[in-house]
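Look at the two complexes coming up: subunit A is in both, with subunit B in one and subunit C in the other.
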Partner chain A sequence: MDTRVSETKEAKRIPQRVLIGKVGLDGHDRGAKYVAHILRDGGYEVIYTGIRRTPKQIVETAIQEDVAVIGLSLLSGAHKRLLQQVMDLLKERDASDIVVIAGGSIPSADIPDLKAMGIAEVFRPGVSSQSILETFASLVKARRPAA
Partner chain B sequence: MTNDTQDLVEQVRAGTSQRVRATARLMSLVENYPERIPEFLVGAADWPQARMVIGLTGPPGCGKSVLADRLIRAFRTRNPHNSIGVIAVDPSSPFTGGAFLGDRLRMMRHASDPNVFIRSAATRGHIGGLLLGIKAFIRVLGLAGCRTVLIETVGVGQNETEIVDVADLVVVAIAPGHGDAVQLLKCGLMEVGDIFVVNKGDCEGAAQLYAQLLAVLRLNANGQGRRGADSCLVSALHGRGVEELVDLLEKRAADSEEAWRSRRRQTMVDDVKEAVLEEARQRLSRRLGTGPLATKDFTRILRGEITVPGFVDELLQQLTGTGEVKDHHGGG
Partner chain C sequence: MAEGDCGPSGPLEPARKDWETHVLAPALKRVPESNRPFKTGSGEPLEALYLPEPTSEARYLERVGFPGQYPFTRGIQPTMYRGRLWTMRQYAGFGTAEETNRRYQYLLQQGSTGLSVAFDLPTQIGYDSDDPLVSGEVGRVGVAVSTLRDMERLFRDIPVGRVSTSMTINSTAAILLAMYLVIAEQQGVPLQLLAGTIQNDMLKEYIARGTYRFPPQPSLRLTRDLFVYCTKFLPKWNSISVSGFHMREAGATAAQEIGFTLANAICYLDLAVNAGLDIDAFAPRLTFFFTAQSDLFEEIAKFRAARRLYGRLLKDRFHAKDPKSMMLRFHTQTSGVTLTAQQPENNVVRVAIQALAAVLGGTQSLHTNCRDEALALPSEDSVRLALRTQQVLAYESGAANTIDPLGGSYLIESLTDRLEAEAEQYIRDIEQCGGMVQAIEQGYVQRHIEEAAYEYGQSLETGARVIVGVNRFREEHEPEPAIFLVPEDTEKKQIDEIRLVKKSRSEQKVQASLDAVERTAHTDDNLMPVILESVRAYATTGEICQRLEQVFGEYEPIVS
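After this line comes the complex of A and B, so read on.
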């Protein structure tokens, strides 16, 4: 009868919100869409922003949508500069608690630099859906101290 | 950053550099902890409110998000100093609880405009709860300085169209290629619309659909004598007809602004009443579960020793007599 009380007693699962998008000038979004759908099926609320976004658009969207994680797909080339801009803007907006993950055709030699920049994880092409879900889950969990 | 409702409210109201983040955080509180929504009513009487809350609904794929993008653009151009808030609702998957929130994709050119705040929301299973949440979203956006609020929801059935109850006026969009106007406006869309839009005016069949729409609206107006609905033919993709739609919206606002304001004020009072009843219900429920009046006492009613109202009298006396009624400040 008293459903409301029993509902609050159960540990209510709150879906995590993530932003998936693509920065830079290159065209297709197969990789980003693939990740978005894996996450959707994994119980995440995925704000999908599409291709060719600027770092500023990504950061403002992430703040308005109050996401836990930003997942960005990039092609090698301007990836370092673009990711640095995202990190700088997050800092500027006092939002460095938002986790940033990168993916795409990023040379493995660049990964240490990206991690030093504060990028939490770098997905290489061909990464399995299971490993994507595990990575997101552990990063989200690590991010949530209070609340 | 703090998670305290009143701190966040102050940050939003003060319009500091933290405003956008605080607004977003407040909305997350609403979403994640709907039981805390009553906290948003405390002191809300003097919160600034939006002038116009527009519901935009219609079948999936008819172009609501593209139209929303155009409306944002038109409102921003007409009134460069006014902010606009957008709430874009998409369904959660009933199986995984996840959601693909893609409406915003169509509005990304506004992402770095500080006068546009867009928030995507998933239905999270129950529309009833969402309804409460959307009402709180609207208030938070008003507090954040939005003069106009636009709510995009998929209109495919009664439940979904309930969300537009929280809007001052409802725009129903349909598009050619998915049946005739009568079919498209089934499922309660006909009843909720103030303005009907045929979108994709550039596509084949749009003119026919618009003619059907006009015929349906005429029939409906004759039958019910309610305020006549407006209609227009637009092509959101190409931006055609959008100015006419905004003219219609502005005209409605000019005519009804006062009525909307007082309706929203009444809604707020109703929400306070609900919150008070809920709090009382929970306190009584707690007392029944654990207090001296344990469940076995209900048998006194069954045995005919006491009536239900008499029992409740005792219960209320117990509740007030034992200090369960805490001393809350700031009521009034």
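After this line comes the complex of A and C, so read on.
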């Protein structure tokens, strides 16, 4: 089945749901809100959690809302610990099929560790909307057969 | 504008027409203007050339005037930097109190003239380092201060009677100020000599910065208690730093930065007046905090416009009598959001331009960002270069030699007028919402900021706005710069430290003082004295906040 949003009538009727959120104590939400906006424009149904959510709240919301992707923005330097908690909770709740993407001030040296814990993609500063949309589309598409 | 009279019937208008027809038109035929958008950083259209207004000296005296005199457009002091340079105040803090203390000692040795404390997020929101809720965040974006013991280590060998200290602290401002006051006591410094600032601006936390803990009403009660306490006991202390910085950095335009910040100031001034404080006793200790972004002229005009508009507000609306009450004093930090992770060395140039804007705009103190701050906390080398940038501006550039050097520039005066008018419109719109608290609850301010941020982002994507190294002049293979790493053992050290403090303090005293905090929170009495007692007994930041939360509740944000 073709899951490319905005390209088939079916996909337009049932837009893909994604969660964009801020986990931890950091309140810098300019990037997260921008990404939520371009995803909405790109045809996704976006659940935006707002700032200062705990890993547990993120995972609960993701499961309740049945999202395909969780996109988390982190600028405080606490990304490793917080993302590990999100991944562990997803596993615990048997929801590891949800794709997790991270973005923000994340040093490139940390990316291999994040990928190893199962983060599908890490967006660093300067990434274009187009590239974000393409990444979401391909990750959603790749996920579908396994789900 | 200061050039003198040139009324509509003067020689300027025919001369301009002549120039347009005989000089400009043929030139445009040969080389037309490029099609890049000529706009300010906030997207306002710019003319090719600005000319004297058909104006008079009377208008100059009314709108621009002299430095140190109402409406303070040209600066708040009659001498500006010819008398004393701005305070070079670098925001710093990370890891444990010892590590940050070493950074402060270093900054002071290198010629910093004031301190500015960055607390970590748990401290700012009122959680101790050993709270499982904050695991991973301890010491990350600032120093962790859970008890008076941490504060003692933070200011070891720093004479608080001689250095002015600014603390970026909001929800927990009363607690951290109380700790600082005990440090002053320990060093034998009388409170009336203590100079410094607490940010204490909760409204912008709900709008943009996000370190809230309690709902707006009890938060404003704490703000009020601090106003009353500081006005009474700390005559040299700024009891609030009303901050436009974070709203602008979150996406607001320059006019919105002024408008939203002054609308917040109105709310705080009302709060002080309603608490029975005399406007001329309170207003002189209210201070401001703005960003300086990269559009040099728009930023200079922004500072001038903010000064004039604030002067008018205090005089006309709050009926201040003392000129000191009408002076908008401000700290500036160069812009974080304009720094790029790509080609980070370019940030050195951005910071220099932004710092120049702050100086030409008449700032009272300045923080210059470091080249590597889009990547991580800054290294010691970057911190030194940032400070040196200020020193070059101060001692080599000549920018400090003349008061308001760009005053009278047709462009600057025109931008100043326009920004002032637009900012005033935002203030009126917020009044239409019923005031700032209502405007925040209705999402009015947040919506405007989000829309401006989206437009900015889109202008980068289309290339209408150029950021060097990001959407033009990119380099394919950039070497990864070395970044500063916050020591990984901070959290463990902090947890051990809290355990030690809890072992050595009198539990009975702590509980009694915390009971007093909770009791007082139920009344309308000032919370500062009981918080001071708790802090003295080595109660933790988290314990005090927990008691306050029992009474005040926790803020649940509106998500749009």
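Note that the second predicted complex is superposed on the first by the 131 of 147 C-alpha atoms of A that agree within 3 Å, B and C clash if a C-alpha of one lies under 4 Å from a C-alpha of the other, contacts with A are read in each partner's own complex, and residues count from 1 in each chain.
What we mean here is this: contacts are C-beta pairs under 8 Å (C-beta built on N, C-alpha and C of every residue); 3 or more make two chains touch, one makes a residue touch a chain.
Since we're looking at a predicted model, the values are computed, not measured.
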Check: Touching A:Ser105, do we find subunit B (first), subunit C (second), both, or neither?
Finding: second
Note to self: Just checking: does A:Ser128 make contact with subunit B only, subunit C only, both, or neither of them? Give me first, second, both or neither.
What the structure shows: second
Next item on the list: Determine, under the contact definition given at the top, whether A:Gly27 touches first (subunit B), second (subunit C), both, or neither.
Entry: second
Check: Looking at the overlay, what does A:His37 touch: subunit B (first), subunit C (second), both, or neither?
Finding: both
Notebook entry, point to check: In the superposed arrangement, which partner chain does A:Thr54 touch: subunit B (first), subunit C (second), both, or neither?
Noted result: both
Note to self: Based on the A-chain superposition described above, do subunit B and subunit C contact any of the same residues on subunit A, and if so which?
What the structure shows: 37, 48-50, 54
Notebook entry, point to check: Once bound in the complex, which stretches of subunit A touch subunit B?
Noted result: 2, 5, 8, 13-15, 17, 36-37, 39-50, 53-54, 56-58, 60-61, 63-66, 93-95, 97, 146-147
Item checked: Footprint of subunit A on subunit B - complex, ascending -> 1, 3, 17-18, 20-21, 23-25, 27-28, 32, 35, 92-93, 96-102, 104-105, 108, 111-112, 117-120, 122, 124, 282, 285
Next item on the list: Sort out for me which residues of subunit A touch subunit C in the complex.
Entry: 24-30, 33-34, 37-38, 48-52, 54, 76-78, 80-82, 105, 107-109, 124-126, 128-130
Check: Residues of subunit C touching subunit A in their complex?
Finding: 121-122, 124-125, 133-137, 140-141, 205, 208-211, 249-251, 337, 340-342, 374-377, 450, 453-454, 457, 461, 470, 480, 483, 486, 557, 559-560
